[in-house]
Structure formats: C-alpha cells, structure tokens
Amino acid sequence: MPIPAPNLYPPFNIVRLSHVDFAVTDLTASRAFYVDTLGLQVTDESDAAIYLRAMEERGHHCLVLRKADAAHAGALSFKVFDEDQLDRAHDWFAGRGHAVRWVERPYQGRTLATHDCFGMPIEFYFRMDRLPPIHQSYALYRGVKPLRIDHFNVFSPDVDKAVGFYNEIGFRVTEYTEDEESKRLWAAWTHRKGGVHDIAFTNGLGPRLHHTAFWVPTPLNIIDLLDLMSTTGYVANIERGPGRHGISNAFFLYILDPDGHRIEIYCSDYQTVDPDLEAIKWDLKDPQRQTLWGAPAPRSWFELGSVFDGVEPVASGLGASPIIAP
Amino acid sequence: MPIPAPNLYPPFNIVRLSHVDFAVTDLTASRAFYVDTLGLQVTDESDAAIYLRAMEERGHHCLVLRKADAAHAGALSFKVFDEDQLDRAHDWFAGRGHAVRWVERPYQGRTLATHDCFGMPIEFYFRMDRLPPIHQSYALYRGVKPLRIDHFNVFSPDVDKAVGFYNEIGFRVTEYTEDEESKRLWAAWTHRKGGVHDIAFTNGLGPRLHHTAFWVPTPLNIIDLLDLMSTTGYVANIERGPGRHGISNAFFLYILDPDGHRIEIYCSDYQTVDPDLEAIKWDLKDPQRQTLWGAPAPRSWFELGSVFDGVEPVASGLGASPIIAP
Amino acid sequence: MPIPAPNLYPPFNIVRLSHVDFAVTDLTASRAFYVDTLGLQVTDESDAAIYLRAMEERGHHCLVLRKADAAHAGALSFKVFDEDQLDRAHDWFAGRGHAVRWVERPYQGRTLATHDCFGMPIEFYFRMDRLPPIHQSYALYRGVKPLRIDHFNVFSPDVDKAVGFYNEIGFRVTEYTEDEESKRLWAAWTHRKGGVHDIAFTNGLGPRLHHTAFWVPTPLNIIDLLDLMSTTGYVANIERGPGRHGISNAFFLYILDPDGHRIEIYCSDYQTVDPDLEAIKWDLKDPQRQTLWGAPAPRSWFELGSVFDGVEPVASGLGASPIIAP
Amino acid sequence: MPIPAPNLYPPFNIVRLSHVDFAVTDLTASRAFYVDTLGLQVTDESDAAIYLRAMEERGHHCLVLRKADAAHAGALSFKVFDEDQLDRAHDWFAGRGHAVRWVERPYQGRTLATHDCFGMPIEFYFRMDRLPPIHQSYALYRGVKPLRIDHFNVFSPDVDKAVGFYNEIGFRVTEYTEDEESKRLWAAWTHRKGGVHDIAFTNGLGPRLHHTAFWVPTPLNIIDLLDLMSTTGYVANIERGPGRHGISNAFFLYILDPDGHRIEIYCSDYQTVDPDLEAIKWDLKDPQRQTLWGAPAPRSWFELGSVFDGVEPVASGLGASPIIAP
C-alpha cells in the first residue's frame, strides 16, 4: 500500500509535539536520572509531580513525571497554532466519534483530550506558561545538554492505519520502511515542525510508547552522557548506541529511565519544511536502515515499550520484528 | 517603535528562503572557493553559470554563480507552499504597486519576480527540479560540509520599515536590536521556516546584501574550514570569527568569496516554530549581542556588502554603525 | 603473580613503536582502504609495496603493505634513541640466545632483526629518512585524519612471561587485567613513549597481531570514518565500536582491512611519563574494563588475529577468552 | 645564531614541567575561577592556600594558589626521573654558581630550589604525594575539563641565551622564530615530555611568566568554556582566541585569572619524542606563525605577564614585539 499524498490543508493546524507525562514509581530516582544526569531543568516540583523543560524551550514543560504505583505513559501532547485550532480539532475528533474532553492541565490554557485511531491518549493545547529564555545561561547546562524535545516513537499494531490517520491531521511522511513481500508499511516517520519527525510508528504490539527523543547539540554531548552514565551507576540503563540511523541520518543513543521508559538522545537530522519533499523508502531487509554502521539493535529494543494508562495493546498482524542477530 | 505583532495569517505562504544569484568575475576562482573549499555540490555548469546545492538539499540549487563583468547580487529567492501562493503573491505585490513579472528560471517552475519596499529584487517560486538525496553519500562531503542554505542578511536604510514590510508577508521577528535613545530598530531577525531567521536586516547603506549563510553540522567543521582556508591561499578571505553570536546563539564564521560576496558559516541556533514565541530584545550598547565572547567585529564587517544589480543603495537616517574598537 | 617493578634503566633505550609490515593479497584493495578511506599518505609505492605515513609523522613510514600470496604480519618495528642503542640491543639479544641479524630496510639506517620471547619478529633502528612536515597541509587530510601510529596489541600465550620480557627492555606497565582466581595476568598495556601503550598483550593463541592502532584528533573523526565506510562498501569491515575502553580510557573503533588485518582508530588516552606512575589493575570479571559503556565486543574480536610470517602460534594455558554474551 | 644541537645526554633527567605557584589577592575569587569555572580539582585548601590538580593527574598538585597582598608568580617546578637526579641537579647548578637550597614543600619529597640564567626561580623534585586516578570519575568533570598542565611560557630578555641554558639541561627545541635581520631568536619552544613544549621563551621584558597552559580534550571544550565565561561575569577575562597557532599547531584560548595571571587552554599539538626531530623554523614576519587563521593578538597579549617574586625583569635588547595591527 503506497503512502498517502501529504494532506497540506489539514482540518486543524498542529505546530509540533509538545510534551509527555510519565507515571513513575520513585520521583527521587527519576529526578536523579532526568535532572542530575540528563540535565533537564525543573520548572516545578512537588511530592506528586516534577515538571521539566529543556534548555532552549520557553514553554513551561516538555516532560511531566508523576508519582504512581506503576509505571506507564500518559497522553502525548501537541501544540496547535492558535486557540481556534482547538475548536476545529474538537469538532473534527467529535465528528469522527472519538471521545473528546476539555481538561485542566497546570500551566496550560484550554486543553483538548482525545485519542487516536488506536485509543492512544493525545492532547492538544495552544497556550502554555512561557518562561524566560535560558539557552544562553550556560552555567545551567549539565549532562547531555538537552536542547528540546524532538519526537515520539510509538509501537503500532497497524502502521498503514496509523499513517492514514495522522496524515489526515497533517502529519507528513519523511521516511518509511516497507515490507517488500506484503507491501505493507513496517514503520513510518511523520512530522509537523520541519524535522524528520514529530511522531513515528513502528510495527508491533501497540499502542505503546517506544521512546521519547531529546535533541542535543553534537555527538560529543552524547559521548559525555555515556561517560557520565557508565561511571555513576547507570551502565545498565544504556540500551543501544551510540550510532547513526540510516533512517533520519540521526546520531542516536537509547537509554532507559529507572522505570524502563525509553529515551532517545538525538542529533543531526535534516530540514523537511518543503511541502513537496519526497519521502525516502527503505527496505525492511536492509539492516543499514536501522544502524547505518551495521551494528544490530538488542532484542529489548524491539520488544519493550511503555503501556499507555488504561489502554490494552493489540498484537500486529505482521508478526514479530525481524531482529538481526549480532 | 515596538516590533509589530506577528502576522500569523499572511496573504500568501512563504516556506523558506531558497537561493541567491551572485554575479562573479571569474567562474574558475569562484568554483575553487565554493566547490573545492566550502564543499558545495555542482548540479549544473557552463561557461556562463554554475548551479550549486548543499548536502541535504533536494532542490536543484541554493546558489547560482553567473559570469559577469562586475560582481553584484541578484535576486533573493523564496519558495512558497504551492502554486496557488504564487498567484496570491502576484496579486498582493501588484495591488501595492510593486512591479511584478513572471520570469523563466532554469530548473524552476513558474517564478514571480518583484521587489521589496526598498527596491531589492526578490523572487518566488514553488516548483524546482528535485534531485536524489545525497546527505548519506558521505564520500561527497568536503570542506565545511555545508548542509543547507540558512538565511540572508541585508543592509537596510530603515529597519523599522523593513520589519513592517516583511511582517506583512508573514516573516516573524525572533530577535532584534533597538537603539535605546531613538527607540528605532537597529537590526532584526525574521523567519518563516522555524529557525532564527530566513532574512535579517541591519541598519546601513542599503539595500545591499550583507551575507548569505550556510548551515553546517558542528563547530568542528568550521574549525576544519579555517585550517583548510588558511593553508590554501585563503587566509585573507577570513573576515571574522570563529565566535558565538549573542543574537541567535549561533556559532559563526564570516568569509569573503573571491569577489567579496560575504558568506556566513553557521550552526547551533534554535527552533522557533511556536507562533507565540517572544522576540528577544538586545540593547545596541551591549557588545555581547554581536559576539557573546566579547571579541569585536572588524570594520569591514560593518561596511562592506554586495550591491544588488541596478539598485542604488540609500544611506540610513540612523547614521553609521557603532563600531566597537578592538 | 604481581607485575614487576618498572625497569627504569633498561639495557638499551627504545623511543617508541615505529611501524609494521603487512603482507596483503591485493595492493589496489589495500590502497583503497588505507589511503582513500583512512587517509594515510603514500610516501612510496611500486607493484610490490606501498609505504605510508600518518599526518604528523616525519619518519618515512609507519605502515608498509607488501604484495604476497597470503596475508600475514611482518616484524613489529621500534625506533631507538641513537645508533649506540642498536649495538647494545644487538648484544643484549645475542647474549640471551636470540637470533640477531643486521638487515637492509629501504629508507632506514642500520636495522637489527631479532625476535621476542615467543619468537615474534621485532626490529630496531635509529635512522629513517625524514620527510618535511605535512601536519599543517590541511588540504591533504582525508578520511579519519590519522595523525600517528599509536600502538600494537598482540595475542600472547603467556602474558606474565610477555610482561616480564618487555619489562626487562624498559616497557612500563600502565594498566593490566588479572584473573582473580589464578592470579595470572590476562592482559597488560606497556609503554615507552609516554602514552598508555606502545605494545599491549592479550591472553590467547599467540604470538599473533591483534591490532595496530592509529591516533586521530577527536571522536568526531571516528564518526566521520564510520559514515564514510558504511556508505562506500566497507560496512562489513566495521567490527567493534565506537566506544570508550575502560582500560586506557580511549575512544575506539575497530575495523578490518581487506585481508582481515585489524586496525584500531584511537584517541583520548593519557600521559604516562612519570616513572612512578602506578599501574591500574582491572578485574577480568569487570565488563567495563573492555567497554566502559557496557556494550560487549563481538566474538571475532576475541578470536581473529594476524599470524606472523613463519611463526606458529601456541595456545594459552589460561584457556579461551571470557566472552560476554550480548 | 643557529639553535644548538639537542643535548641528548643532559647532566640530569627532567621528566616534565610539574606545577606553579601563583600569589593571588583573593582566594575566593581565584577559587571561583580555577575550580568552578575552569574545573580544576581541589586537593587541599586552607585560608592561606589552595592546591589543585587536573583530571588525569595523579600527583597532588599542578597549581598552588597562595594568598598574598600582591599578585606574582612563584617558582616554576619540574619533576625529575628519580631521587638521584636531584643530587645531580644540585651539583650542576652549584657548580655553575647558581644559589641552591633544599626546601620543604607540602606533599612533596626532597625539593631543590634554584634559579635559571635570568634569576627566574625554578624547583626540582622527584616525589610528590600520589592520588587515586579520577580521570574516569566523569561526574567530577566541569568547565573546560582540564586534563593536565601542559607548559609554561616566559618572557625572556635574551631568547638565544635562554635556549642555550635550557638546552644544556636537556630541553629540546621543537619550533622557533628567528628575526631574519639580526639572526637572533625571537621565541623558542622546548620540551622534555614529548609534546611541543614544557617551557617556551618569548622575547620581552623578563623574566616574567607569560602564561601557564592546560591541556583539554577537544576544541569543543574550549567553546564550552567561552560560553560559560561570557555568561558568568568573565567576559572581560577572555583575552585572545579561540584560534589555531601556526607554531605548535595547537587550538588555543588565552584567559586572565582575577589577578591577571594568564592561562592558556590548549589542545592538539603533536608528538615529539624522536631525538632526531627537526625543529621547525618560523619567520618573525609571518603573521600565521601566531594565528594560522590570520587574526591578530591584542596588544595586552604582547605586554602583560606575571612578575616573579623578588625578580626584577630586564628589557630585551631586541626591542618591542612586532605587534600586528588588527
């Protein structure tokens, strides 16, 4: 099934991915990981939750850690272009029979909670408390020097369906992997903000959150993080990398937080603002699509993901991932 | 005069800056500079012109070098979102009394030639020949590893007027310098594509093209270029840097091509897609706005620029630049 | 068995490792690998051999490729402090019953050929043709920008014996791995020139050459090489890395040449000139000694090595390597 | 006057430069500079003095800050190869009529205090308290990530005489600048430890300490320091750079501590262990010897230096530095 033509005039205007909530079992341990090790900045914290932003962000938060009895992922949140887009989104989702609610979120204006075609919780807002710039407060930089949240990657039981749904609301495919035999999509990368992706989809038991990525300045910052993690008790949290993805051309590292939520540290993709940008197709049998340099990903990387609160994942009809043996 | 509120629903949709023409006096010398030294890729060449693209670009050209008797700058070109935007642009400019022409440009579709509020030639197109990706053809990378054209910077005799004009057609201000006494704008950075700028304006004899910038992966690539230029006969073409701009936070280097056209090599600015992004204001008296690390720019940097063919520059009412003595 | 006290007044003064000969089966393929891909400079070539130097070296060669029917390693060569040291070396080896010969080597002065305690061929010389500096000829830099040969690593059937022998001739241990049960050395790193090693020994079927290392400026040059190799047909030649060694703290990459000779690309070790530098001890059971970041080495890395011409390797009494499963 | 042939068998064996004392007027301000900003590690501190080491050093100190009423430099200290060398040094200096004293220095063994041919205080020791390695304690790295002290640079009223003196005690010239007219040395770089220099001499009012250099991993660490200093109140302490020296090929930055003691941050020179290494000659009229990329040094860099306690500097007969106007 070919990828659909980009929908250049979607029903409402999403600017970019914005933030995610993680339910975590130990806020102290999570703080040590995200703040002391990665270098995210605390913008609010209590016994119940910690709000974090990255160094070049002016919105109040890109990650919310909430104390809970069990780890899971909360909604994936997106910023829209203005208040009016919220009403348009509301009507579009409601018109398709998706449950829609206006919810209260601290530090945010009007927020629409709904779900995607697989029941995955997603939220939309326009207004968030704006904070003074700190990207030139170099004394605050720590760890991997995270600059901004970059993208979500989710396991999807039907990537063709996922791409169809997100394409309707304006996400444009930049790269994709096709199973040459079934001609079905195995994975796809889609964007709104002009990079390789705001959200990507990988075939598998889903919906589950595969990872959340943060953009950093250079590969050397990722090397610094590896040195720091491996000498401060986090060596077992290093899952995959460093390496270069064939897809997206990004330099990457995958790490696991204390509850197993996967974080990608990411730099070096490319600009995708051209509306006529041709999506790049990769063959599922080409191992360089995953790691340009050839090193295989570990099995855990293909299997583990964060379940969304209250959403039962469904197996994919395409079967398990073609794991390349090392 | 305060900067205007961003015009979020402009009369037509410009995606990004696209390319520029340079009239040059010696194509061989220019080729040695842009191709052999900087590392741009030739996509077409003849005795009359050389077309170049950067490594991650899929459009046919971002820079056109044309043989001429005297050096000057040609039109600054911008890509619009679709064909329909060209007609909207045509009508908008015509309705304001700007001369408009449909012109033929090799490798481009329908192209609208007009001029801005100072008579500076600008062109708009949607369709350009698309070329296969080469960003992963690492054997082709050379010199500074230029990834894409990033922005134009022009001398303007009235920056308030420039910002007013470009704001009307959707360019949003990200940072600006104000003269605290006159309350007039000294300089402004405006964008369409989600970075700090597609086009910036600096007070001075204008319109003249101050520089054209290319984005590169890391500061180390800029150091590589400095080492290469300084040992291959180009030491006198190094004008300013390397350094970090206060404004934009970019790591920069300014160099001059064989005809004196100024090129900035640039990395590390930040994402600006939020429609409610607050512009950052700098005081004209703060030397760190220019170089965060304190080193002054040389006098030539404040004075030299490329004249646009057939456009007589006009002096600014604000007088000369406050050059900081080294 | 404890490591021996450093022999600070050895019988003759070795300055540093100098070069190695590789018998290769296809000079054209080897040239594409070492010259076009790694970036070593050709200082002489014929149908029979290619002589290479790295960018900051002034001696004529650090690597000699010789056309042969089968791949093997030739002698490991070392530079001594002056001519007089050659006679001292001659007498010391002869006095211990090692075969000694004065041999002719192109571009070298008087050269002593002998063998170590396992029959591994080693050679000593003082004088080699000196070439003009090219470290500031930046137009010549290519590939990984190799600056100098850094060290040899050899499989040894008895590392205690190897350390004892090389210690006598002045090599000082900087780091070592001990098998906590047998209290025998598993591996040791020894130096003359003030870095972590000129020659290292690893337990295994030996003597065989495990790898030859080249020093490069920064980890980013190694990333550049990975990008280049993986897109020019060399992805299968990437064996291990990039990563950080626990031992030596170096950032490393292991690659295989077209005949299977292993090359390490290496940067970031530390200065070891202090005669009272304490050797650092690692436990064989600590996986971080090999890769600080935790990723295991592939099985091939523990098993493959280049046989020395005419020298039959002997199994180690300590058994096979403790390969950590991925 | 040609540079002398290297003295390969000097009267005593100096291993490397080791440390320097700075008299400073405000220990708190100096601590903020050296510890919080540069990232040196405190190994002892009191109201009177702070002892510091860099990240890969195992000796107790490479810099001692002493509270004093006025800033000046104390002795330049060197480590010798063993205890016996101290007695040899004692006799050599005494035999030449230099005042010699055995002095007590905290954390050091027997220490010989004497002076060079210009009365500049120098000290020699073999034994210093050894500390556990911290180069892999990545959580401790801060600021510019200083790895080790690299060299001293001193103003000398007669560089020919300085080179003659230091050559006698084994320092070998790696690069030098000659005044083509007078055929006298303008500057010279001399080493013991196998890099471009342990101590360098520049023509000028002397003896005065021009700067003390620290080695860092990569140019990006220097960029990090510039960003940090320029946003934490130290912008005026940035004197020159970043840049590449022609001489030594090093990437450099010069900064001033709160008392005006000059520190160079330095990486990327080359290995010089070959006893037959040819010194590289530069012409005093070649501006690229100072900055390969062409940018001139500020006047202060040619004029300011730290006076040694109780040593009256003497003007050079060669006159003032040929300062290149920016």
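Chains: A, B, C and D, in written order; residue numbering restarts at 1 for each.
Simple rule for what comes next: a contact is a pair of C-beta atoms (placed from the backbone, for glycine too) under 8 Å apart; a residue touches a chain by one contact, two chains touch by 3 or more.
Treat the numbers as computed from the prediction; the structure is a model and nothing was measured.
Undergrad: What chain lies farthest away from chain A once each centre is taken as the mean of the Cα atoms?
TA: D
Undergrad: Quick check: more C-beta contact pairs at B-C or at A-C?
TA: When the contacts at B-C and A-C are counted, A-C has more.
Undergrad: Between chain A and chain B, tell me the centre distance in angstrom, where each centre is the average of that chain's C-alpha atoms.
TA: Each chain reduced to its C-alpha mean, chain A and chain B end up 32 Å apart.
Undergrad: Please report how many Å separate the Cα centroid of chain B from that of chain C, as a whole number.
TA: A distance of 50 Å separates the two centres.
Undergrad: Between chain A and chain C, what distance separates the C-alpha centroids? Give it in angstrom.
TA: The answer is 44 Å.
Undergrad: Which parts of chain C, given as residue numbers and ranges, touch two or more other chains?
TA: Correct list: 136, 218-220, 227, 230-231, 292.
Undergrad: For chain B, which residues are in contact with chain A within the complex?
TA: Residues 8, 15-16, 56, 58-59, 79, 81-82, 126-127, 130, 133, 135-136, 147-148, 193-194, 217-220, 246, 249, 268, 270-271, 273-278, 280, 292.
Undergrad: In their complex, what parts of chain B are in touch with chain D?
TA: Residue positions touching the partner: 218-220, 223, 226-227, 229-231, 235-236, 238, 242, 244, 251, 288, 292-295, 298, 326.
Undergrad: Would you pull the chain C residues touching chain B in the complex into a rising list?
TA: By the definition above, chain C touches chain B via 136-139, 218, 220, 224, 227-228, 230-232.
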